[in-house]
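Got some structures for you, see below.
Shared between the two complexes below is chain A, which has chain B as its partner in the first and chain C in the second.
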Partner chain A sequence: MNPKIVGTRVPRDDGRQKVTGESLYVDDIDIPGMIYGTTVRSPVASAKVVSVDWDEGYDWTGIVRVTAKDIPGENSLPLLIDDQKILADRRILHMHEPIALLACSDPTRLREARGHVRLRYKSQPMVSQIEDSLEAEVKVFGADNVFKDIQISKGDPATILPKCHHRLEESYITGHQEHLYLEPQGMIGAWQDGVLTLTGSLQCPYYVHKAMKAVFGLKDDEVRVNQAVTGGGFGGKEEYPSLLAAHVALLARKSGTPVKMVYERAEDMCATTKRHPSEVTIHGGVDEDGHLLALDVDVVLDGGAYCTLSPVVLSRAVLHAISAYRCDHVAVRGRVVATNTPPNGAFRGFGAPQTIFAMERMMDLIAETVGISPAEVRCRNHLQNGDSTATGQILQQGVSAGAVLQKALDASDFHSKWEAYQGSHSNRNRRGIGIALFMHGCGFTGHGERDLKSRAALRLFLDPQGKPRAQVLASTTDIGQGMRTTFRQIAAETLGIAFEQVELAPANTAGVPNSGPTVASRTCMVVGGLVAEAGKGCLQELGFSGTTSEVELAAALASTGAVTCEREYEPPPGLVWDDKNYRGSAYPTYGFGCTICEVEVDAVTFETRILDVVTCQDVGRAIHPSIVEGQIEGGTVQALGFAGFEKVVMHDGTMRNHDVSNYVIPTAADIAPIRVLIHEEPYSGGPFGAKGIGEMPMDGGAPAYVAAVSQAAGVSFQQVPILAEDVFAELLKKKAVKRS
Partner chain B sequence: MTDPRKIEVFSPETLSAAVQVLAEVGSEAHILAGGTDLMVALEKGFWQPKGFVLNISRIEPELRYIRMEDGDVCMGALTTFADIARSDLLNTEAPSLVAAAREIGAQQIQNRATIGGNIMNASPAGDSMPPLLALDARVVLKSNEGPRTLPLFSFYPAYRETVSQPSELLTEVRIARRDSPTQDYFRKVAPRRAQAISKVILAARAWNVEETEEGPRIGSIRLGVGSVAPTPLRLFETERLLEKAVLTPSLMGAAGHMLETEISPIDDMRSTAEYRRQVCRRLLDDFLSNLLLES
Partner chain C sequence: MKITFELNGALTTVDSPPLARFLDVLRDTLGLTATKEGCGEGECGTCSILVDGEVVNACLLPAIQVFGRSVETLESLSDPAGPLSKLQESLLATDGAQCGICTPGMVMAGTAFLRQLKATGAQPCDRSIRQAIAGNLCRCTGYSKIIEGIKMAAAQGTPQESAHD
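And now, the complex of A and B:
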């Protein structure tokens, strides 16, 4: 093969339309007769519903009203355990829970009408955080408030830990994080001749398809889901759009007209899912040189009021708890518990950033205890080919932890900077440098990919000018990450035709096969792989064993006619996973990364300024280097936001700072240029060797930033986010600054 | 939220027409200049106009200027922060105000937002007021009965209130031109480096700083602070302590104590009272230390 498209920076598929404003987002789409919908939400975090009434003095003419009574079947949103109500009927479990729906042709009247719905309720005691949930005096879910409990065990940590030369224990806390996709949630629903059509800002068309079939008792071809151009997702549009779809479908069903609902920014921030807050405690045992001997990790995630995807998030959290390190004796226990806060859900990294943060801070504590540098402790413990993970998966090849670590250390001049910043304790601005080494499992966990049986297809045909053209048929969605461009490159390279000769079929459940959800860093590696296989299949059907000239391809197509080839995912041989005991191959392969962050803490104001960020990440193969760099830069910024800026002020079960002026994400002025180093350790199961890269960049920013701030401030932090107020408070506590 | 289509908007073309409207029905008027505060408040439902909106943005020819007049630097109320940031005159005469203008919102906001709007919005976190206080700014209010001029430090009686009457329109801000070299300071502490609401602001100006054997002696000093009290605040007592005195470490300590008695920061979702108090004090220290270093 002679690659000429893969690995190049072709112009982005959707770039021009987005820059010129041609792209139509949900809010831009109008359907004749369409009216607008809105959601009436609970003003209380925990209550029994007495009644939902309509203000009799208000003129309801022209306003369509829906309550739980209008739901044709079960009042539950089908997901993992179906516990979430479409509209609260008897119990309210969180603030801003949907209670009723309204629709009207005048959106402003709608906002006014919302104030005339009368909810009568009896307040109940609430569980606001993890500690109270574990006590289980107040029950939010089941008998013990635990959605899921997972244990991993390897070797005999109980025996080994007490005998270790150094034994360390520390607890780590991470907060909520809001996705803050640029485009809020939005959906349009319409019924025609018994067929429900949904057009929305979403990541997973077939998730919505499946949920709506269940809610309305429809057959496969009676629900059509189209993805509109989507302005960011980050996991926030993985499971949540199904709820919105149910809402617009109910309103459209009752009104007999298409209904559009687009969330206001404040509503989106208050009501939709966030990253799970975490509390992780690690007991670590090392020898006198800092080699890991035993680890005992306890992970608790706050799931919020309903289960959503929390068990799967917890699964990824515990599977990344030991991160990129070798340790023979390991115990990990993970629980995700219920609180009376809006349900938490999928968010880039999916539990891994929380546990990796804890493990990385533990590695720094080990280094400090043993008296070696944070770089050295990682050099001594990182995974190598032939090592096994906590679940006993032997990593035979492709372990690039050492390589990415070395590249990042060299590029950042870590050693000399760390040495120089160790002793400096003047009153001037102080600097610090921090490092994080991490790995991220690509694709679904365990048997997830095998069970999904994802499919994608390619259609190869002649255009009217007699030129071969190809169309990719996949339900994978472009949510800003650049997947449209990547798939076109993969198809073009495989078929031996130009990038311009490949197009993508719209992500519409009526027209493309189920390629599985657009999540879990699986798009390029898994579905992109299917596209490549389908391409090879097309060529085979035409009698070619590989790429050929355009003339020959055109001639073959002229005699055979158009060919379509569909491929279904098959897991690589030897992938065995025991979901009951959490043993075996948790992921088909792993990406590895190392992020180094250098900061300065202002001596007057305690503000942190980021001076330099270096990150080296193994992506297997960069199909489109600019897109890969974009993913790495964007994910790193989101991680630095998680670490040093983004604080969800949750009070009485609601987010108080529900606007973009008070929930602070970093701007370009806050982030130093990120120096991205791409490392390519090809994975044989991915197209052209590609691994997943969507989520891994989210893993390293927080621990590297916190380590840097800790060195600069001279105090060690174990939580995120850390704001200037936290640095100040901690220095006061340590009497490192004087209170006047 | 109030239906924007139901809001009555009156857009006079001249200052005299606007003032005439205020004379007749001023108590029902909501004055709109650049709209960067009001439109956000409308969307969030914080602002529910009961009467009508008096849109003064068309009086731009009369109210958008930066010029010298009677030894004062004068800014029309509709002068935008982009105008201020670009003004050579203000870069020389009011560097702290220029620094504030450059940190307000994004470039798009700086193009729309006006100095008059910022003053009249009366937020304790407003970015331009601390430097204006440190520059001894005066504001000109115009009504049918003529203009009156008053110092900005007397303009804010309470949280989000001004002494302006319903019949009056803020038309101008005036700063006396410097007659000797000054040392100016502006620092906005915010949760991020751009497009952020302040947590603490200190603006300062010192002049006639003399060298003495014991150290520098400050002839005159003005201190304006933001986000540490219900209103933008000038620190008169702290100024009094520092003026005509030799700047020693013990005087700096005393000034810091005095500053703490003058401000009254609170805990809210943006910061803590303790952080604001200590950082405000440290900013003053920072300014005074610079004076020490420069002398």
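And now, the complex of A and C:
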């Protein structure tokens, strides 16, 4: 079959509404009788709560007030270990932790009332960063401040490492990163006849559904969660919206009216999750030609004050620590620790960008030590078909590391540029070029998909004109990544009907099955796969073994009536994972990518200008090439932001630069065109061969950028972000510039 | 106080405190929600509108400042189910809108840029387009497809004026 719809650039499902401004985001939705809510937050990072009182001299008429006492059941937000409070009651563990909630029909009075809530507390010592956490006597979590400890072991690195020709050691640091989705968090909650309805900016309707059932003791059909059009997520709207949902639901319950809460930008930046800061130390052993012989990697992530999804983030971090390289003797230890800072959570890449940054910088160090180019060291060590990963997973097929590396090298003219830029540090404008090779596991880790039992369905029916029409039923959300369009393409291609004849049911828990969360580069590959299987099931029910003509399909539907087919995820054969020992198939398949970045550093102002970015990424199959390019371009720019622009200044447990003026993300003027090369190494387990693509573009930008800046500046950087002041400070340290 | 101005071609009067944010006047008083709020500090450009043809952040604009002036919002460029402006069509074709929250501001900044090209007869280049939308942040696209869209609209000649011009 020659696909007619898959692989084409059909018009985006929601494109027209978006370019005309007709799309309704949470803040655009008005419900009769709706009032506005706000959150009163902790001004301190670590404290015992004495009391929460209301200023008696203030007129509270018309203002609804909620504290932890108003929570009907347990004061905990159900996630992995339920440690996070809905509203702090006895202990405060981080700045901006929610203390009380207010609602009022007048937003101006609401802001004023916030200043009349009196929190009495006793300050406690705090743990502010990773180093303090592991040593601290202050316990933020458990007996040792460690949320999760994971070890991976392969071969015998302890014996092999000391015998290696070259032994290298280096530590790498990455900072917080703020999602800065341009639409802040927002949610509307309403109760009617015992049913709680939530409409929000969110990625995972069923996460909110599950959490609200637990918090309010409700049954499945007593909670309805709708996704409003969502203005960006990037992981920031994976788990956090459950907390916001609990807050608006509490206010709506007490007030008896619908309540809308939309965060102000500063509040969103201060209070919501960020990417986990990391410290990664690598001991590497190579032979005289730079072949990897043994690696010992220690990973520590800063989880913040509550667990959130940190253990799972750590899991992906350690599983990507060796990245796209072959090494027979490996030890990886990962820990995620607690600090008195706002909880960190899901962010595109989910731990992998942190460890991949470290491993890629180590590869550059190996190249330098051995005396070969950064491209050559990658050519000598990248994974190939038949190799095994750190967990012992044998990659039988589809390893495209060599292919994407070669394509990116050719397109960027890496070799000659790298040679030309070596040692040329006399001009004011100094150039450098850097490379990163990486891979990203698609879908949930290990048994995640098996345990999740995601479902999606297709309904095939005749429209009033007598034409076959299909409706996709899935709880997967479009957060800008183009899922609505992609699913319509997959369904239309599978059924052999026109793209226009497929629609999507609204992402509302009352009407669609639980397809699992919209995360982990699983939407197209896993849920899209279920849509394709459901499509095949519909055709089978009508007596067809494959696609057929529209006339025959219409005739069959006319005689049989509408058919609906639902499919549940089944793991591909041979996928065995040992979660206790971290052995086996960590992911069903991997995408591979190579990013090359060229920069110019001004030796007087220390500013870096990006000259060229080339990235080649293996997506298995590009269902919609423009959408795939958009993911790669956007993810790469987000990664360049992580590398060279976005510095969260965390001081005394709070983000000091909590505004868009001082936390700088790349503008159009900061970025060169991203040259995208799509590589397609089809994966048999994905629809039409598709792998995941959402997260992988976040993996390579930072190490490639830092390598380029390092070559240009003539000093080696081992951390992100690097801003102009960091380049200056490093050169000053190396006495390469004088303070004047 | 009563503030009279031209809104998307029609003479409009609102009763508003003079220092109210014009963004709130648009969204809450007039119910025009295409213009979004991203940061409230004039940094992200999500609330970009045109005042006498110039790109302005509505979140920093006191309502009184539109008195006697001409305001254009995204709503002026197309009617529901009606034809789109060239730039809107081009952004559809290049997939320039992902999550869509920056799109209204981006379209207004792009429209002003295209009109300026028409007025001066200048040819757009990658750099001039990047400068023209440097005040509008996008977190999804990496800007490439937005720039392509603006380039495509420019190549098609005259940008469509707002329906009421």
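Heads up, the rule we're going with is that the second predicted complex is superposed on the first by the 739 of 740 C-alpha atoms of A that agree within 3 Å, B and C clash if a C-alpha of one lies under 4 Å from a C-alpha of the other, contacts with A are read in each partner's own complex, and residues count from 1 in each chain.
Basically, contacts are C-beta pairs under 8 Å (C-beta built on N, C-alpha and C of every residue); 3 or more make two chains touch, one makes a residue touch a chain.
None of these values were measured; they are calculated from a predicted model.
Engineer: Looking at A:Leu180 after the superposition, I want to know if it touches chain B, chain C, both of them or none. Which is it: first, second, both, neither?
Structural biologist: Only chain C is touched by A:Leu180; chain B is not.
Engineer: Would you check which partner chain A:Lys18 touches, where first means chain B only, second means chain C only, and both and neither mean what they say?
Structural biologist: A:Lys18: touches chain C, not chain B.
Engineer: Just to be sure I read the superposition right, which of the two partners does A:Asp28 touch: chain B = first, chain C = second, or both, or neither?
Structural biologist: Once the two structures are laid over each other on A, A:Asp28 reaches chain C alone.
Engineer: For chain A, which side has the bigger count of touched residues, chain B or chain C?
Structural biologist: Of chain B and chain C, the partner in contact with more residues of chain A is C.
Engineer: Looking at the overlay, what does A:Gly480 touch: chain B (first), chain C (second), both, or neither?
Structural biologist: second
Engineer: Now for A:Val551: first (chain B), second (chain C), both, or neither, which partner does it touch?
Structural biologist: A:Val551: touches no partner chain.
Engineer: Applying the touch criterion given at the start, work out whether A:Ile627 contacts chain B, chain C, both or neither, answering first, second, both or neither.
Structural biologist: Only chain C; A:Ile627 stays clear of chain B.
Engineer: Tell me which partner A:Pro673 touches in the superposition: chain B (first), chain C (second), both or neither.
Structural biologist: second
Engineer: Of the partners chain B and chain C, which touch A:Asp659 in the superposed model: first, second, both, neither?
Structural biologist: Touch status of A:Asp659: both partners.
Engineer: If you stack the two complexes on chain A, which partner ends up touching A:Gln638: first (chain B), second (chain C), both, or neither?
Structural biologist: So A:Gln638 only meets chain C here.
Engineer: Which parts of chain A are touched by chain B and by chain C alike?
Structural biologist: 659, 661, 667-669
Engineer: Considering only the defined contacts, which chain B positions touch chain A in the complex?
Structural biologist: Residue list for chain B touching chain A: 1, 3-5, 44, 187, 189, 191-197, 200, 253, 256-257, 260, 269-272, 274-275, 278-279, 281-283, 285-286.
Engineer: Which bits of chain C are touching chain A when the two form their complex?
Structural biologist: Counting only chain C, the residues touching chain A are 27, 33-41, 43-44, 46, 74-75, 77-78, 80, 84, 88, 91-104, 107, 126, 129-131, 133-147.
Engineer: Along chain A, where are the residues that touch chain C in the complex?
Structural biologist: 9, 11-12, 14-25, 27-28, 179-184, 229-234, 264-265, 479-482, 626-627, 629-630, 633-638, 659-661, 665, 667-669, 671, 673-674
Engineer: Within the complex, which stretch of chain A touches chain B?
Structural biologist: 108-109, 111-112, 266, 604-607, 609, 645, 649, 656-657, 659, 661-662, 664, 666-670, 723-725, 728-729, 732, 737, 739-740
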